[in-house]
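Chain nomenclature is as follows: A, B and C, assigned in order of appearance, with residue numbering initiated at 1 for each chain independently.
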Amino acid sequence: MIESRLIVERPRFRLDIELDVARGEVVALLGPNGAGKTTALRALAGLVPLTGGHIRLDGEPIQDAPAERRPIGMVFQDYLLFPHLSALENVAFGPRCHGMSRKASRLLAREWLNRVGLGEHAVTRPGELSGGQAQRVALARALAVRPRLLLLDEPLAALDAHTRLDIRARLHHHLGDFDGAAVLVTHDPLDAMVLADRLVVVENGAVVQQGPPSAVARHPRTGYVARLVGLNLYRGVADGHAVRLDGVTPGGAGRPVSQEDGRLGGAFPGGAGWPGGVTLNVAESQSGPVFVAFPPSAVAIYRSRPDGSPRNLWEATVGGVERHGDSVRVLLTGPIEAAADVTAAAVAELDLRPGRRVWAALKATETHAYPA
Amino acid sequence: MGAAHRTAGRMPWVLTVPAVGGLVFLILPLAGLLVRAPWSTMGERLAEPRVLEALRLSLVTATLATAICLVLGVPLAWLLARGNLPGRRLLRALVTVPLVLPPVVGGVALLLVLGRNGLVGRRLHEAFGFSLPFTTAGVVVAEAFVAMPFLVISVEGALKAADSRFEEAAATLGASRWRVFSRITLPLVAPGVSAGAVLCWARALGEFGATITFAGNFPGTTQTMPLAVYLALETDPEAAIVLSLVLLAVSVAVLAGLRGRWVGAS
Amino acid sequence: MKPIRMASAAVALLLALTACGTTRAAEPDAATGTGTGTGGGTVTVFAAASLTGVFTQLGKDFEAAYPGTRVRFNFGSSATLAQQIVQGAPADVFAAASPATMRTVTDASLADAPVTFARNRLQIAFPKGNPARVDGLKDLTDPKVKVALCAVQVPCGAAAVKALDAAGLKITPVTFEQDVKATLTKVELGEVDAALVYRTDVLAAAGKVQGLDFPESGKAVNDYPIAKLSKAPSGEPAGRFVELVLSPKGRALLTGAGFELP
């Protein structure tokens, strides 16, 4: 339904992505701050002009049309409900602009407010609505114009954690009913997992990975995604079940790891070559360049070198210790940097303090490799 | 120390002195008028037809001038606040010219352009046999000229402070540029527009120099209250005081009536 | 600031000061001429605006004749000046454009016997080229002719009324201007086709407007009185200035400017 190539050039930034969305599909644009995902969304909306590329809706080019003439509906991060109009008038605004009579548009607005569960708040002003209520009005307002393309800019970001759960579920339900194309920008992985049919990961103005959420989560291809889904991620060259890890980080050929990437889930610091190298045994048999990923929970820590079966074993130094939900996440430095989740009891028993030398073991069966 | 007991809203005592001083400074002349007014003859003076005539003329012309300023000034303010013109800074400076120009000079300038022999007025006269000086319309033009900057500056400020993202949201909902302006932008800056309009009206009401220079002085047609007061001052100061008090009373009544509006949306 | 506001404020303040009673500087004895207040050797002259050219020249002559003295002028509308004097403005000499405005001062016992030193006659002024083909006073009654008159409260306005009454004519002007200069400006710019102003004003406009005498003007000739003020701070020099005005030199300057002599 939507077939686009979005190129936006700014003084210090360039966005160049291809984005296709099928009818009824929900695509989530995921990425770190400054990646360009909001710019892409605004370009689809017509609020940002394209420097190049095109946007085709059912074959018809719309990149030259101004925002008011595109068949879109948009939900903004701050909702942007018109403060001088009631909830009903806000929702009726769009249909009215499209030529509907005042009476008909108000009727339609009432229907939509009922559908999002806010029927009795028709005359309330936006200033008196709670965050969750405002979000629902914003959604109703965008859907009331029967858009062919629905755009959502971090729709749940302004909500507190509790409200977010409820609203996410409702949003999922409404998106399911929506028959056009939907593009959603988020940096909350849970939003992406729950709401999207397909994930498009954008970093530095380019698409670095896309696919169904579960596939992306299982096989992250960049440090950012890995961090998002909480995996340790590395690149290497596979030969059967053995993978020789590079001194280069995932996330793009040959790019040195940033400070951020260097911590959790990233691989090696600053592109330094790895003398001797580390070889990991992995569950799958692969050949050629691969990503290797394993969850922190797959790493076991020992005070002294264990005997027995673990095929992946190395000596490491404790870099840091932090709470992580019910368990404790230990950051290990050494031949490879990795995060390991252990119980609090284990921390005490092993006396895990920064600087302590320990042994880390990883079961091959829990270490996954997939083509890069 | 007393500091611990002070609440956030109380004025530091050191400011009360200049504040009271400022108040006294502004009110003293008014007090003078009230004290020296000829209260004994007030009744018959007020009944004089020329008093009501001048008052009516003042109120009508000031209101018409404000209407003109709104129609021309709000779009101009939008242009200055949001437009992407290259010479915007210069334009903004030009708009404030009537503020710094002595009103009489403004009146002369208007004569040179719109007078019977003026650059533009000449064509008007040739085509329609009509010229603005000495007409009530001329009074409205003179008042609009001096009062417009007040409106433009107020509205420009309000537009600059307004959040333009609401306009983006409206565009995504299909609103044409006109609808965005009339349904979203304007209502959101309404307090600023009201404040500007009130300032504009008050300025127009009190205008003297440009009015008498451009439109002249003729009772019923162009003699507004300020003109009547000035001429009365020549021979009959008590009449001048009476006229001044009438104008003051009416102005205060109108402004007080708009009180809730002109200090912002309450 | 707008003149009207300043005028009202000034009047009110002056009225208030009078009501509360002012402490004046030590009243100088006029006869001794010791000259406190404005200071010895400075003469302050309040004069009608139409006397600006002549009196300024006389002031220079006075200063030349009496070295060490200074003459300060306050030119303006006679009515306003009279009011200011009554309210206590520090003037030595008052030269008014009409007996009526001088009377305001003499009624307040502030002036010694005034003397008429000049007379001013009205003229019809019209823009260069006389676009409305004005020929006499009667032409001004034509509704198609736009006429500017001085406001009745101003001496030249009062004179115009007298002249028109004497001629038995009624004019409806398009404007009553607050002073002669404003009236002339309207003529100069061609906004009006004619105006009734003083002959001296037409001459002072030096070719920017043209003037036409009319017979009925004799009925409304304005006498200009001059008087030394009884509370004159500067004493004797004030009297000497008055003498200069009445002297042959003064009279020559006055006729040169278009005044008539009594």
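Just so we're on the same page, a residue touches a chain if its C-beta (ideal position, glycine included) is under 8 Å from a C-beta of that chain, and two chains touch if they have at least 3 such contacts.
Keep in mind the model is a prediction, meaning the values are calculated, not measured.
Per-chain Cα mean versus the mean over all protein Cα atoms: which chain has them closest together?
Centre-most chain by C-alpha means: B.
Looking at C-alpha means, what's the farthest chain from chain A?
Following the centroid criterion, the farthest chain would be C.
Would you mind checking which pair of chains has the most C-beta pairs in contact?
By contact count, the leading interface is B-C.
Quick one: report the Å distance separating chain A from chain C, using the average Cα coordinate of each chain.
Centre-to-centre distance between chain A and chain C: 88 Å.
Report, in whole Å, the distance between the mean C-alpha point of chain B and the mean C-alpha point of chain C.
The answer is 35 Å.
Between chain A and chain B, what is the separation of their C-alpha centroids in Å?
Spacing between the chain centres: roughly 56 Å.
Touching at least two other chains at once: which residues of chain A meet that condition?
None at all.
Mind listing the chain B positions that touch chain C in their complex?
Spelled out, the residues of chain B in touch with chain C are 29, 32-33, 35-36, 103, 108, 111-112, 115-117, 131, 133-134, 206-209, 212-213, 215-219, 222-223, 226-227, 229-237, 240-241, 244.
If you look only at chain A, which of its residues touch chain B in the complex?
Touching chain B from chain A are residues 45-47, 66-70, 72-74, 76, 78, 80, 82-84, 93-94, 97-98, 141-142, 145, 151.
Please output the residues of chain B touching chain A within their complex, sorted ascending.
165-166, 168-177, 179-180, 183-184, 187-188
Which chain C residues qualify as touching chain B in the complex?
Its residues touching chain B are 2-5, 7-9, 11-13, 15-16, 19, 77, 79-80, 83, 146, 148, 151, 153-154, 173-178, 182, 185-186, 189-191.
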